[in-house]
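As structure tokens, here come the structures.
Below, chain A partners chain B and then partners chain C, in two separate complexes.
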Partner chain A sequence: MRVEAGLTSVLSGWPPPVLDAGGPFAQPVVLLTWALLIGGTIVLIVVLAALAVALWGKPSLRRRLGGDRAIWIGGVAFPGVVLTALLIWGLRLTGDLQATGPRADEMRVRITGEMWWWRVAYLDAAGRTVIRDANELHIPVGKSVLLELASADVIHSFWVPNLAGKMDMIPGRTNLLRIQADRPGTYGGQCAEYCGGPHALMGFAVVAHTPETFARWQAGRRAPPPPEAQRGAELFRTSGCAACHTIAGTEANGLAGPDLSHVGSRRTLGAGILPNNRGTLMGWIADSQTLKPGNRMPGYKQLAPEDLAALAAYMESLK
Partner chain B sequence: MGVRIALIAALLLAGCENVGLAPNPAGTEAVARGRVAAERLGCGACHVIPGIWPAGTSGPSLANFRNRASIAGRQANRPDRLAEFLLDPAGTAMPRQPMSARDAADIAAFLHSAPQSAHAR
Partner chain C sequence: MRSETGFDPALYDRFPTKGERPRHEEAQLKRIWCAPKGWEYLTVVNNNYVGIYYLATAFLFFLLAGLLALVMRVQLAAPLMEVLPQATYNQVFTMHGTVMMFLFAVPMVEAAGVLLLPQMLAARDLPFPRLSAYAFWAYAVGGLAFFASLFVGLAPDGGWFMYPPLTSKSYSPGINTDFWLLGIGFIEISAIAGAIEIIVGVLRTRAPGMSLDKMPIFAWAMLVFAVMIVIAFPSVILATLLLEIERAFNWPFFDATRGGDPLLWQHLFWFFGHPEVYIIFLPAAGMMSMIVPTIARTELVGYRLIVLAMVATGFISFGVWAHHMFATGLPPMTAGFFSAASMAVSVPAGIQVFSWIATFAIGKPRFNTPGLFAMGSVVIFVTGGLTGVMVALVPFDWQVHDTYFIVAHLHYVLIGGMVFPLFAAMYYWTPMVSRTALSERLGKWVFGLMFVGMNVAFMPMHLAGLMGMPRRIYTYLPGTGWDLPNLISTIGAFMLALGIALFLIDMGRRFRLAPGGGNAGNTYGAGTLEWLPTELYSTRSIPVVKSREPLWDDPGLSDDVEEGRYFLPNSATGRRETIVTSPLLAEPQYLQIMPGPSPWPFAAAILTAGFFLALTVQAYTFAWVSGALATIAVLRWLWDTDQPVDQGDVDIGAGIRVPTYVTGPASHGWWAMVILMIVMGMIFAMALFSLAFLWGNQPGFWTKPLPLTEGLAIAAGYVGVVFAAWATRRLHRRGNSWATIPVILAAVAALLLTWLDARAWLALLPPDTSGQSAAVNAILCLQAMVGAIAVLMAGYLGWRAVKNLVSQTRNNTLDLTCLFVGYAGAQGLVGTLFARAIGA
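== the complex of A and B ==
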């Protein structure tokens, strides 16, 4: 039931807990956040106390507060020492977060931000795409994974707070980010740079597996899609879905929208905004514009209910 | 003066709750579970349900559903019938959703619960 609990937390526990580090690349960020918050609070209290003294304190205290000595110590020496120490400590603490090229045997995934979803490509050692997916990333626990972050249109920002800090996705650039989850589960993510219209509905899920379930997931992903749900497959072809969507092993090879080869095994629909089941598939296909206004998929309300159901059944069968 | 302000504040705060008919505790638990189940299943993908996101319009609105006379225009709108319908909505555009009998009973209780406000979350 772990996955079920994770799904619920992804969908209804929004936004994901920011101060709960799930791996070594989030811990420094959380630690730094607490240090800044607590340190800043202490400084604020001292400043307010000094203000109170300046307003209502005894004349002798007020004189001392206004003297050169107080200015040099409180205004120059203290911030100089504290901020320099903080800078050195912060750089050392977060130095390891600067990802360079892939380490030996490290899993690599290219994630491309698009308005308003995430294109996911699992790469082999030579950088060739092995598995195509969208809006979801599966990783093994306890191992670092190198993400190559890019954008197909405007600036997005990849942010799975439990696993790492934010990293911008900038057109024409590839930014590297390393993530790692130390316990199995589903970790919610969110585009963190305003990218237009339904930016707030551009969610993401990272699913961290134990080694056994990860191997099972990988094996399942490389299998060809099942030949069932024929009527839905026929409708997919005749309704024009293939103009934008790819389904491996079929004629459908559109590239504008998310790859649907394994859409039935995804946890969410519409980039992290809806659970994925027969009913939500039908609702999304019929009227995605009401659910995620402005997204690039038109609604297909003209389809008869039984056709919608057949299409949804086909999508569901693509595990 | 302070007492009066406190009283007024208490009255104002009391207005935030649904103080309609006194519900029985078991019933309110089912309603709460039903809301969670409806969110988990994504009922909002097709239906407007106050307090549930999103508010899809490809299916009928379920706002104030307890005031409806019938379920999908075919049978009396009672919570037990509604639970049966949710488990097997055959003959309508609605598909069978992955829910247990208990989920169905809870969702029926939720849809039949006292006036749902859009701020119920």
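== the complex of A and C ==
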């Protein structure tokens, strides 16, 4: 069996997400994009028509094109007017979309780019972490969420095109980005700043819930982790997994890799590149280097198939 | 008619002269400018050879980087392809961008300048032929060694923009990154050498009477291009230097955990990186403005507007760099400024496009191959320009930044703005250097395949970007829907490649280099001077220029020039020489004696390349030996220049006499030195900016600097250095035979002052402490480097004085040393005070 067979992107390209806004921080840019694409096409056609007239047009038409006046109109006046209008639109929109400090009662999440996954921490009003997670973000529909974007190593860029433009994650800085989804669903994203190695395989999912399901999700996260799937938990301890991963309520408290306290409830594995099920969990644990070459997790091919199955079952149980 | 230098323009009326010239004159010229044989092909300095070598090498890099692109296109043709492993792909895309930008585009246009400018300006050669040869060999050897790193898996893999901290020691421990930093840093030096050559060449070696408003538009383009290189390249040279120092010695310029800032790199890089795009575009636009009028058989519409547009492009391009950083969280005001400037820069581009359209409109355009490439260029470039306006809008850029939309945009701009004009130029100027023109029949196929292939390859990338496909990914997963646009792009890329392959076949069949005359000649019926009959010495005589298209306006010009009826129909001194003219009106000022072939520039280039490559692979002993030998080779090559000539002044035709030597601000050497000082000053200014930037962005890591009052003593010392340099020139002019002493002492003093300053700083802040300490020590290092060069120059001057080569009338070596030592003092003064003032 080829382990890559299960690889699927969390980001769907159709309809083009840049043109398919899921909320108010992407919607105005959709309008701008269409205006630019259509306007640009019209200008291109006009210039090509001018070139065609210059090459093949009637002498009278060509004479009108052939002088300083044409240059002033086509090269200076026309772009001057259009560009000024566009600039005003662009600047106003920039001001509207640029996130500043938190609004009252706004949900805040700190997302830290790591090589090559995303650390997610839900914050309370005082900025303390209340829920730890990785590679996906759960939000309620219809409410704006303020993201605090940071980096633990190199520069990454956070981009979920349906919800907002991208924002870089730069060591030593915290950049703010506001997102909001107006309809429930999963919105895919991918790291947009080249970060070396498997940069191509660094996906992210935003899951937008109705208020009820969001409340259920939150409650689930705050509840103590479910009882251990005995054998898997034992293997988790003895195989060294705990050195890098945390599972709340157990001795596992490693910080290098993603928090696995609720890994069973995640949509994807490996940062948005695999659906999450027993088979993919086994494949990932055994040989993540084939699935995502260069990632920081070593393979565990030495584990027997039944051990892998037990570990995967344990992971699945962590909802 | 007014005069610039006191030269009487009425003297131009003596030309063309009457009567036959003596037969032996032409034979003498041929002997002096003779073609190389055997090994001499390595030591030639004549632009007819160096220009062709340069072009051929740059084009080779275009083909190599193009092949890399094809491999990448195969890898991306479908999801999860395994043609290139991840690590190799990351190296390949880094090399594709780096090679295209640094080893193809800039050298290619610079090479075109080296080949074409002397012919267009009717000069015998560029003013510093040995510098051209050095720049070429350094680039060729360094570039090929750099490219070879790919074959051993050591090629850089951090992207052509090399953002730290990904490229810092922690995340890129291998020497791959050092190949980039040292290899490219070194090749930039060669680009600057070429730029100095071009500025002085354009401003000082034009044919008499070719005032700035009669200059071919390509020369204008190259002038703006070279000035932009002088302003922009120092920034990236400094950036590469700082990052290499951070990697080698752990000085934290870009390390946010210790008061450095990764964004400092981005500012330094893009302050170079965006002007770079116009640096590539302007010369190509200049070529367009030469080709379009010929193709349309009419003069260029809007010559003055185009010149204005080019100068404006140069200016505005330095105010747009941060549009590469809209997603880094710039303050809205800053983003707004850069957004506005990025839009404004499209206006001068629009002016040029409409000028070409207008020229086609009033002329009778021909649809030959250069014509087709010129027209195709307009279509592609306008498309890229329009998407450029789109991404200048911050909210739109937030979406498409770092996606394939940008990949599409930049390839439209660069292929439309540079590659297509270049192909037009290669078809257009081949008859000037080859016995036969290229095939028109095959040329139309080349154009068709390239034009269609280009659009098929890059148009779908706009969509892929809107579909969310980021740049620089070695693969993508099923389920994204990016498969189809990528497959189409791959097919287009191969069509484009097929067109280029046909071009190569055509070149192989038709191109026969004819530098010593016998070229195909003025096939397209152009009006500018490069189409005069030429030999290795360029034109037999140097015409008086009265219009922009002299060949159209004076049908007898070619014959008169060929019969020697204009300036310099012979060699006045029996050596290689060219007329140096005044910068504005091109009035003859003096006769420059030109250096001939020499092995030393070649040796110096090999040794310089050896120095940098040895540093990269950490063979330090070899590096230092190589560096020392390179310095000796450069001094040895200089030794032959600035030599006495018997004749004080000579007849350059029709009884007009000019001196064979001048000193001071009128000399071409003085001009080159002033430009070099601007380069050094820019590097230094960027270092000062780095310190100020870190203070503004990482104030938490700041230590109170040394007190300003303590620096005043050192500052006073530097003032003394400047004064001594100035006084030396005065003393020498008064005939004082010990006059070289003060400037030599001043150079040593400058270095000592830097040592004193550094000692004080090191006691307070060892360089690896913080961003501040790193930046301050970088400033001191630059100052020490300038001081060391000043001492070297002073030693060279002293040696020449001992050898009695610094005479009263021939003292350019003294002048230039004084200028540089004075500069060293001034820079030291600024640096000392600045480092103490920031954060005090």
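Methods note: the second predicted complex is superposed on the first by the 302 of 319 C-alpha atoms of A that agree within 3 Å, B and C clash if a C-alpha of one lies under 4 Å from a C-alpha of the other, contacts with A are read in each partner's own complex, and residues count from 1 in each chain.
Criterion: contacts are C-beta pairs under 8 Å (C-beta built on N, C-alpha and C of every residue); 3 or more make two chains touch, one makes a residue touch a chain.
What you see is a predicted model; the values in this text were computed from it and never measured.
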Practice task
Return first, second, both or neither, reflecting whether A:L83 touches chain B, chain C, both chains, or no partner chain.
Solution key: second
Exercise for the section: May I ask you to decide whether A:H199 touches chain B, chain C, both, or neither, giving the answer as first, second, both or neither? Expected result: second
Exercise for the section: Go through the superposed model and pick first if A:I131 touches only chain B, second if only chain C, both, or neither. Expected result: neither
Exercise for the section: Mind working out whether A:M297 is in touch with chain B, chain C, both or neither, as first, second, both or neither? Expected result: neither
Practice task
Tell me which partner A:L44 touches in the superposition: chain B (first), chain C (second), both or neither.
Solution key: second
Exercise for the section: Applying the touch criterion given at the start, work out whether A:P305 contacts chain B, chain C, both or neither, answering first, second, both or neither. Expected result: first
Handout entry: chain C versus chain B, contacts on chain A by residue
Key = C
Exercise for the section: Check the residue A:R278 against both partner chains and state whether it touches chain B (first), chain C (second), both, or neither. Expected result: first
Handout entry: First, second, both or neither for A:A252, with chain B first and chain C second
Key = neither
Handout entry: Which superposed partner A:A286 touches (first chain B, second chain C, both, neither)
Key = first
Handout entry: Set intersection of chain A contacts, chain C complex versus chain B complex
Key = 7-8, 11-12, 273
Completion exercise
Seen from chain B, its contact residues with chain A in the complex are 36, 39-46, 54-59, 92-98
Exercise for the section: Please name which positions on chain A make contact with chain C in the complex. Expected result: 4, 7-9, 11-14, 16-19, 26, 28-29, 32-33, 36-37, 40, 43-44, 47-48, 50-51, 53-55, 57, 62-63, 65-68, 70-71, 74-76, 78-80, 83, 86-87, 89-91, 93-95, 97-98, 115, 153-155, 157, 159, 161, 164-168, 170-173, 175-176, 188-201, 203, 273, 293-294
Fill in the blank from the handout: chain A residues touching chain B in their complex are 7-8, 11-12, 269, 273-275, 277-280, 282-284, 286-287, 290-292, 299, 301, 305, 308-309, 312
Problem - Partner chain A, residues of chain C touching it in the complex - result: 80, 85-87, 90, 157-159, 163, 165-166, 170-172, 256-257, 261-263, 301-302, 305, 309, 327-329, 332, 335-336, 339-340, 343-344, 346-347, 350-355, 357-363, 365, 375, 378-379, 382-383, 386-387, 389-390, 392-403, 463-482, 698
